[in-house]
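Several structures are given next for inspection.
Presented sequentially are two complexes of chain A, the first with chain B as partner and the second with chain C.
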Partner chain A sequence: MKTAVTEPDSGTDLPTEGARPAHRLPFWVNQRLGLLVLIVALSILFGSLRPAFFDARLVLFPLLRDISTLTVVALAQMVVLSIGHMNLAVGRMAAFGALFAGFGFDRLHLPLALGLLLCLFAGCVIGALTGWIIARTGVSSFVVTLAMDFALLGLVSLLYSSLTDNAAFTTRPAGLTELRSYSLADICAGPVCGSPAIPQMTQFTVLALVVLGFLYARTRMGRELLLTGANPAAAELSGVPTGRRIILAHGLSGLLAALAGFMAAVGTGTFSASIGDDFMLPSFLGAVLGGTLLTGGVVSVIGALLGTSLVGVIRKGLDLLGVGLESLNIYLGCILLLALSADRVRTVVSYRKVVRST
Partner chain B sequence: MSELLPEDGLPEGESGSAGPQEGVVRGDVLLACEDIVKVFPGVRALDGVGLRLTAGSVHALLGENGAGKSTLIKVITGVHTPDGGRLVRRGEEIHLRSPLEAARAGIGVVHQERNLIPGFSVAENITLQNPPSRRGLVDREAMTAPAERCLAELGLDIDPHRPVRELSVAQQQLVEIAKALYTESRVLLLDEPTASLSPQEAERLFDVIRRLTERGTCVVFVSHKLEEVFAVCDTVTVLRDGRSVLESAPLAAHTQDDVVTLMVGRTHAVTDMAPRTVDTSAAPALSLTGVSTAAGHEDISLSVRPGEIVGLYGLVGAGRSELIKAVLGLDRVTGGEIQVYGRTAKIGSPREALHEYGIGYLTENRKEEGVFLEQPIVRNITVTVWKRLARALGYVSSREEQGVSEDLVDRLSIRVSGLQQNAGELSGGNQQKVSLAKWLAADTKLLVVDEPTVGVDVRTKHAFHELIWELARGGLPILLISSDLAEMITLADRVVVMADHRIRGEVDNDHDYDRMSGQIIRIIHDRAVSVVSPVPTKSATL
Partner chain C sequence: MSRRRSVLSATVTLFLLAASTAACTIKNSDDPGAADTASTRTGGGSAELADGSKTKVALVPGGAHPYFQPWKTAGAQAKKTLGLGDVTFDETAEWDQQKQNDLLSTLAARGYNAFGIFGVSPTDINSTFADLKSQGFAVASLASCPAGGTNDADFCLSTDVELAAYKAAQAAIKAMGGKGALVHLTGNNVDANTQLRMKGVQKAVKETGGKVTLLQTITDIDKDLQTAQKAVSDLLAAKGSKIQGIVSTAYNPAVAAAEAVRESGSKAKVVAIDDDAKILSSIKNGSVTATVVQNPVGQAEIGTWALALLQTKQCTMTKPGQIIDSGSFVVTKANVADYDSARQARTAELKKQFADTYLSCR
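Let's look at the complex of A and B:
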């Protein structure tokens, strides 16, 4: 899983023709700042080309709702990337969670909040189970989550077809419709109302961002997750409970995936097996664009939001400009490749710094 | 299992490689290294090494652990590019950029570690570097004949179609040598080729070496077993601290004692440290009694008292780090008793060792197990104390973290540009200090230090020794694992010698280098002699 990026042998083979010491990384390697600039610039560009881009209700509202959901998806991936693992079942775990929410509303007549809790719990359990298998067997997370993806694909469809008539739960508990379509404009403090562009669903994303930000920046567990990702052997020998951290990361990933599944289901209004089908690629795209390393040990919570936003803005903008879906995906592929190269450039640049200093 | 094949192998001429190589006269210089320099971050691994390899000779390359033998082999075989000096092949300078180029230049190597592909057949492995092909496709049929020829030369009766993973370790070692024969190298480097061979198998290998030299090949032989070296080699180069102290001299002019003296050298001044006394009446901090492990240790007994530095010396592979890992719960302890400060300890994980018993383990592989290279220094140091610093919700205050780290950075005088700097940007010595700092932060009651100064420059090495000495003076019990004899004799109060996963002897250290090194080497050496003691060779037991 972990690749050795810093072997003394390979490093000294690097060409050292650069006469200027690379003390500072080029600005575009600082992904967060670069992303923010790009998002603003592109929004202005699209807005000036198609003024409709700034239409609060028709463009911005759905755009932000998509971004909210996909940011949670990216966070679900980021959490496992932080320990150097990956979660290929992120979409199916979303479907699994949403299934429980739908079941709770339809059969158990649960209120909105309890259904959400059931959904999160289901996601967390399936994620933790995945993590437990990985920690116990030592099989790579790629293989285990791939297997989990197939298992859930079958299980979720099977449950939907045996539990429902038309393979979807459509019961909507009180508050679901409001959650789906209300924006901050519906929340007023006296005469001041919020923006109609910002959907209420964003609250979940903000909450997830804050919790994860706190986890990674301020707590023991967050730090231990990162060290487990950076070097599992050294972490274990330094007294970090790496096995438990692996389970934690996957459990958290499952929980976030389920939250995203819930948000997607609320967005479409139906709980069906197809939820989360298109989550896997955006999950990597958002996290990696944001500066999270695929090799583990480095995450950026805010980066996941920015990365996902950039993709969302580009998608929507090109869509408004009338670019077809196919060519749109070509552009997105190129962006991902660039982001991954930036990752590599960063490693190489920081490596040269080490070699120069000795 | 098999009868010996005729010693002559297959008739000459049937294979392309048999018979003297064209244009090579015995005594010609096939390959010369001139003033080779190789620098790694923080250390000059090779510092002006010369080596002349002549056709038809067996050349011994000797030196202690860390003297630069493996680095030199890697330079000659194109793994490392030298930072200075030249490689000259039959009069013209060559630049090897990859092992493949070295192989094309007629330089073959059998490394210490196995390099076979377990799932491939014996024949496929032997012909790996240049598989016979027909119309661009690998020709499996044509593989068998040359593979069988190479195996026959070694007197091996192994079905070339068998997958390598089914073979014993010794057989794999021999297949590795067969692979080197296939490439028809003019210079063949064997790094510790007899480490996993029985005496009979080793004897067979020596026959092959002799036959190869008759054809004009030069064989470079690296071994810790001096008897073997004196039995098969003609010339010798001795490395010490990255320099050649004896360069391509005839071996016959030297005795084993001479060579040992050259290897250890007298320039190793054992540094004098401020006096330190150990209270020998104190109860031991760590004691192992008759411990055996799943890793193969048997009947290990040793103890470390507070304020004492006990050295655990042995060659690479003696099982020293493995013993500690078993004690820390990373491998199974199958028998005997471990006591930490008088308390019988059943340790399940390094975490338990740290939090329950206060044992810190400064690992041997700094980069793989010691530091988190791409993480800031502050995290590297405080990883062991987060549990203590954490408050509600697992909140860890950055300020407290900074405080702990700053104290230790000052105390150990770690040269950093800031606490947020990544550990990977530090020199080897400073990385090692960071690695030590985390155990001091955790206030450990017992410290195991494993090869603390490998890849660390001389000055930092001395500073590090003083640091360990001071810690012991402060009452910390220290178990020091090292393959560096001078380091052992500088620091340890007692030296326990380990070989083949067993304790072979114990020497009280009087810090007299000559006497101590002689005693210690003799303890290990007695072992080595008994391994090579000839047993009547009737049939191979492969």
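Let's look at the complex of A and C:
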């Protein structure tokens, strides 16, 4: 899996999909395009096997809501991957942020937006603290975030059990139910209404995608983050304040994790300690499938969305086909392996073609 | 130049996003949160299912667990006897509420129109029920009720977990001779049902007036058997001599405690939960004093039948959201051979209660 994803962009430290190595390899080698084609092909396949796949309310709406949340999770991981670190506490940071939102709604009676801000602030602080520990001590991010994961696991459970009766904050501020169940069909600009398949919650994901895409593709800070990931020593020597960039990346990761936690809580209905339990694997899967390098220096913002969508579509399709628990994960694994192998084969073939033609 | 263009494009995108969220009006269309409140009919109609061929029932546990295995056969049996369109058993929710919600909507898209659900998260599951009800499906909460006393499903047929834990603790206290130190082993601490179980055990301990003390409550050890085994062997190594009784209100710790007590030769009396083959054999050989069994077969059987009646609109709930105890039974060496007949009797009684009281049929 590692080699497959390190291959497509290897030799280039160019950051995002906007700056792909199109000069040397034909356009159809682009990994993101490959993923997109695969997602469309699988959707058509599942749709033809089960027409219900295109049911806007019962299938597409929940599918997109899931993809929205998990894309933000993948982005939270991608940000730290960009500096060559990882965040194993991504799920707990989500739970930590959601705890603050729940607390804000339940005890401080905050409106929806302020609760969300409190949640993001808490996530950002805990992430930045993690980054600060890593930058100051020089201990590997793997160890620090693992320790943070355990610390938060205990802390979040403890706070929920001491603050609530049912180990969850169930107060719902005005607008939360609407945010959960409204689609674009409920939002109209004059006579034109949106699609009932697209959840309103997607707005957070689109915003995160746009901001991060802009950060990495167009700003000096984004390039400094990538340089820190590609070669910390060179970055330091070039005058990049690597310590501060590490804190920034982890702070941003914490913020995105908290946003994902908030979205997950809105999706299920209450703020509870189990939020984010299953975030860690999808966070790596989405980012890495999309072309982000585990070693740092290369990210793909759109790739995180596409990688997450691919897994979501496969899972939903298999669910619709009625595949049982035992087989579901086997199929999921096989299809992902095929997807990655196909990508690798395509890259090798095209590389040979290019070499032959020059 | 390109930089300026990119800044411009980013600004335009952000503006469009802001505009789409701020400037647009929210259509005041159908409110998905509102439950379908059909008016209830009264009158002594028949609770015999007339035609269930269009009813497709999905029994959806929170994830894979030995407790739910009887649902599979009970569901298949109900399909045959009631002549239903289909009954499926799907355990792919993997103990994640979001995955369970997705699974339910997928099942709905596949044509299932009645759902018997064990909600992963008791505090969240009412939202799921409300969603399904608003789309016109018949919904039952099986084996666990939503937290907080309100139930947005048509009915909840479940073990009264607090009562079952109370019964188990009482059985343990009786076996201990009414005095000594008791340890409570249970599942996920941040789960509303675990909190109820802890309340039930504490209530039984309190009633002894200080003769029995609750030495320790160990939570979060129902993930798998290994976790439970480790926790129990640690417990016996550290405090084995002080413990006179162990009550387990979760499946894995119960199996682990039975094994550990037998192997270590501890004098502690163990009260377990459920009727797994291992636990039943431990009761027969004396290493487990008693077990509190629940009624999973009854939940699936009665649940499927009532769901079919509700889905076909032949009946409605007299009181929507009714919470019904499916029964829990203390099994000791004395009644280990014939406890199932008591359980079947309870299931038959449940069916009668549904027909006579809980359902209003045409």
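We adopt the following convention: the second predicted complex is superposed on the first by the 300 of 358 C-alpha atoms of A that agree within 3 Å, B and C clash if a C-alpha of one lies under 4 Å from a C-alpha of the other, contacts with A are read in each partner's own complex, and residues count from 1 in each chain.
Operating definition for what follows: a contact is a pair of C-beta atoms (placed from the backbone, for glycine too) under 8 Å apart; a residue touches a chain by one contact, two chains touch by 3 or more.
From a predicted model like this one, the values you see are computed outputs, not experimental measurements.
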| item | value |
| --- | --- |
| Partner chain in contact with A:V298 - chain B first, chain C second, else both or neither | first |
| Per-residue touch tally on chain A - higher for chain B or for chain C | C |
| Which superposed partner A:R223 touches (first chain B, second chain C, both, neither) | first |
| Contacts of A:T177 with chain B and chain C, given as first, second, both or neither | second |
| A:P62 touches, of chain B and chain C: first, second, both or neither? | second |
| Shared chain A contacts, counted only where both chain B and chain C touch the same residue | 214, 218 |
| Chain A-facing residues of chain B, complex | 39-42, 74, 79-81, 83, 328, 330, 349-351, 353-355, 361, 363, 367-375, 379, 383-384, 386-387, 389-390, 393-396, 398, 422, 424-425, 427, 438, 442 |
| In the complex with chain C, residue positions of chain A that touch it | 50, 52-53, 55, 57-59, 61-63, 66, 69, 157, 160-161, 165-168, 170, 177-178, 180-182, 185-189, 193, 203, 206-207, 210, 214, 217-218, 264, 267-270, 272-274, 277-278, 316, 319-320, 322, 324-325, 328 |
| Interface residues, chain C side, partner chain A - complex | 3, 6-7, 10, 13-14, 17, 20-21, 23-27, 29, 32-33, 64, 88, 90-92, 94, 96-99, 101-103, 105-106, 108-111, 121-124, 126-128, 131, 135, 147-148, 188-192, 194-195 |
| Chain A to chain B touching residues, read off their complex | 4-9, 11-13, 214, 218-224, 226-227, 230-231, 233-241, 297-298, 350, 353-355, 357-358 |
